[in-house]
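A single structure is presented below for examination.
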Amino acid sequence: MIVFESVTKRYPGGTVAVDHLDLEAPKGRITVLVGPSGCGKTTSLRMVNRMVEPTSGRVLIDGADTAASPPAALRRGIGYVIQHSGLLPHRTVLDNIATVPLLLGTDRRRARSRAMELLERVGLTPALAKRYPAQLSGGQQQRVGVARALAADPPVMLMDEPFSAVDPVVREQLQNEFLRLQEELGKTIVFVTHDIDEAIKLGDRIAVLRVGGRLAQVASPAELLARPVDAFVAAFVGRDRGYRALGFAAVSSLPFEREETVRLGEALATARDRLNGGWVLVVDAEDRPQGWLSEDGARLAAQETVTEDALNLGGTLATEDGSLRELLDAALSSPSGRGVVTDGEGRLLGSISPSTAVRLIEERSSAPAGAPGTGEEA
Amino acid sequence: MIAALGRIPAQGGQSPPGLLGYFSAHRTEVLHWLWWHAWLSVLPVLIGLVVSLPLGYLASRRRWAYPALVSVSGLLYTIPSLALFVAMPSILGTKILDPVNVVVALSIYTVALLARVVADGLGAVPEDVAQAATAMGYTPLQRLAKVDLPLAVPVITAGLRVAVVANVSLVAIAATIGVPELGQLFTNGFQLSSTGPYYPPIVLGIVLCVVLALVLDLVIVLVNRALTPWRRTEAHR
Amino acid sequence: MSNALTWLTDPVNWQDQLGTPGIPTQLGNHLAYSLAAVAIATVIAFPLGLLIGHTGRGTPVVTFANGLRALPTLGLLILLYVVVSPHISGRGDAPYLVPTEIVLVLLAIPPVLGNTCAGVQNVDPAVRDASVGMGMTGREVLFRVELPIALPLVLSGLRSAVLQVVATATVAAYVGLGGIGRYLYDGLAARDFAQMTGGAVLVAALALVLDGVLAGVQRYAVSPGVSGRFGTGPAQAGARVAEAAGKASVPA
């Protein structure tokens, strides 16, 4: 566990970057520091590994005051990932990952074999081992950055906007893999971002900081969306919070209805017979939904059978054990007005109407207080 | 630095006449040498610029041309100036004392330095600006004249400053093979010192060379400012 | 030119004779004066450049050293010769050698100092930050990270120092120093243009060879990750794609 005890950072000019911060980052969890620029989130993070020295207050890691150990030794025991990877351009990917073990005196061969292991663990092919950082894409560089931070197997990791400099698609991949990795490793992580959506997606706990380095609120993502403490946090968390909060509300038992389907390759005549409200759901041989076929589509199709190019692909899919947000979105986006629900393997279970989805949301709102917290692990 | 050097004749002040005395006694020659020195420094830069612009443009547009330009200019830049001054007559068929040797040799250095700078400057025009100009319908030649070249001016003038300051020092060396310019003050001082140190011409030469270099540098800075009004407004914001 | 070739290929010129050293001896002298000056300058300027670049303190020293470049080298050479040589009642070349070496060292310092300092200062702040964050000490950051990344600039500073020194050592023959410059000035005095041109060719060749050797050292010593020479084949194509992707992903 990392504990900030009334930590203040005041710069010589008089600027206060962090003001009496009290915060705990629990063991094995991801604690996200989020806030607008100038809120002192990066300064707070850098005070953990003494890249910045606090003016007053203490930072404790597992009860030990960080000020007591020499900075370099302290840092070798803490993983550190930054926005622009900061990979050493003159060293190969493998040697970059092995940096900290080598600093700690591990022999080269062991350090390299460990680095090789980590390379695969962060989802990179071993063929990249001998490349130099300049030969990698931005996303690959960030993966190497994460592998490098993990190399000495530190219990604590500090991550400063590690996914901010990559494009949205790659960012989402990296975030998902990061969550998967954390599930295996259970590190104590402090994560800085300016992106509230990233905070909500990744954080077990979120600390919102305001300009001037004061803590505004610490809460689980669901709680933050449901109960922002003041206007600043509410504005920072942003619009659509009611809708986004549904993302943390799991659905236990779904009252979905049976949906008539037609398989790809079946005769159009069969499809026409099964139209319901002008639409029929098309599935593949394994019962996985492929799209909706409309009455017009069935009439105007060039072939005699159901083909993919005649389908409307507008609807999103909800999974059985997904969130209310997913369910509502599936119902609202479906051209037929019926949201498609699948099981974990993507096979069709049935459909649900927008009104049923809304009824589920209403039932949740009337549930006893504390319910938002149940979605915390989502 | 100038002030420090100015003190030296005071130490050796016993040898009459002093710096100013020497200057007034040799005013006509010294001004003549200064004039020549300025010409021999500036003319190669002008010739070099005219040659470098098309070369640099070519190198910025053709993939093969850039590495070729870099290696050839690197090679030319390696040759010591005195060697080039001395070798010129057998290449050009001129006399050893002909100032043309100096002008041609220094033009070669200027091209070696500047062609690469022009290529880099034209290549450094931001991609979005270049694309926008093309999208608005500039022909390649119009784009060069109206967009790329003006934006490359600060880079090119930085190269010109290096070239002109280097030239002032290199021109002086030609005095050792007899070309008349400010370097004559050094060679004269050297000969007059054979019996005992005699500083005035040497110090006068150093001062005039430094002043000439600073003045030429300043002229380029002013031209750069005049050609790039948008950078001035940025600085004042 | 053909006269110069005759002079260069005449075996007589390649042998030491009474009072006149042959080409190999003068080449050796020239090389010795030049390398000694560059070595002394490097011993002074390289550590100083590393220190200034690493700490960010003392940059006025670099600015001052760069300002020295505006001084005319011939003027400096003759001034120092006139000032220093009367105080040296040494034997042989010493009255010429000492002032010349001082000027050559002064000339070689600015490029080595400036480039070393700039090379260290230009290291990507993110790389420095990550290195400190991983637990490197100041010394480790300097020698394991900043120096290897600064190496191309350091070596190109050394290359331009060598070129300037070799060129100026030629001019130093004017005040009486040995070396290849002797052929240029002695040839001029004797109206022996073959000897002059031959000397010019020799000194140009010397400069080219030295620069080539250092270019080779640079190629060998600098990490491909810094120089961008990743070798040929698919890796390089990959690099270009990666680079494009990297650029595209950085927000404007």
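A, B and C label the chains in the order they appear, each numbered from 1.
The criterion applied here is as follows: contacts are C-beta pairs under 8 Å (C-beta built on N, C-alpha and C of every residue); 3 or more make two chains touch, one makes a residue touch a chain.
Remember, it's a predicted structure, so these values are computed and weren't measured experimentally.
Here the chain at the heart of the shown protein, by mean C-alpha position, is C. Each chain gets a centre from the mean of its Cα atoms; the one farthest from the centre of subunit B is A.
Between subunit A and subunit C the centroid-to-centroid distance comes to 54 Å (mean Cα coordinates, whole Å). The distance from the centre of subunit A to the centre of subunit B, with each centre set as the mean of the Cα atoms, comes to 59 Å.
Spacing of subunit B relative to subunit C, judged by their CA centroids, is 21 angstrom. Residues 49, 51, 71-78, 80, 82-92, 99-100, 103, 131-141, 145, 148, 158, 165-167, 170 of subunit A are the ones touching subunit C in the complex.
Listed in rising order, the residues of subunit C touching subunit A in the complex are 124, 126-137, 140, 145, 148-149, 222-226, 228, 230, 235, 238-239, 241-243, 245-246, 248-251.
Chain contact summary for the complex, subunit C toward subunit B: residues 1, 3-4, 67-76, 78-79, 81-83, 86, 163, 166-167, 170-171, 174-175, 181, 184-185, 188, 193, 196-197, 199-201, 203-204, 207-208, 211. The touching residues of subunit B, when paired with subunit C in their complex, are 1, 5, 8, 74-75, 77-84, 86-87, 89-91, 96, 165, 168-169, 172-173, 175-178, 182-183, 185-187, 189-190, 193, 196-199, 202-203, 205-206, 209-210, 213-214.
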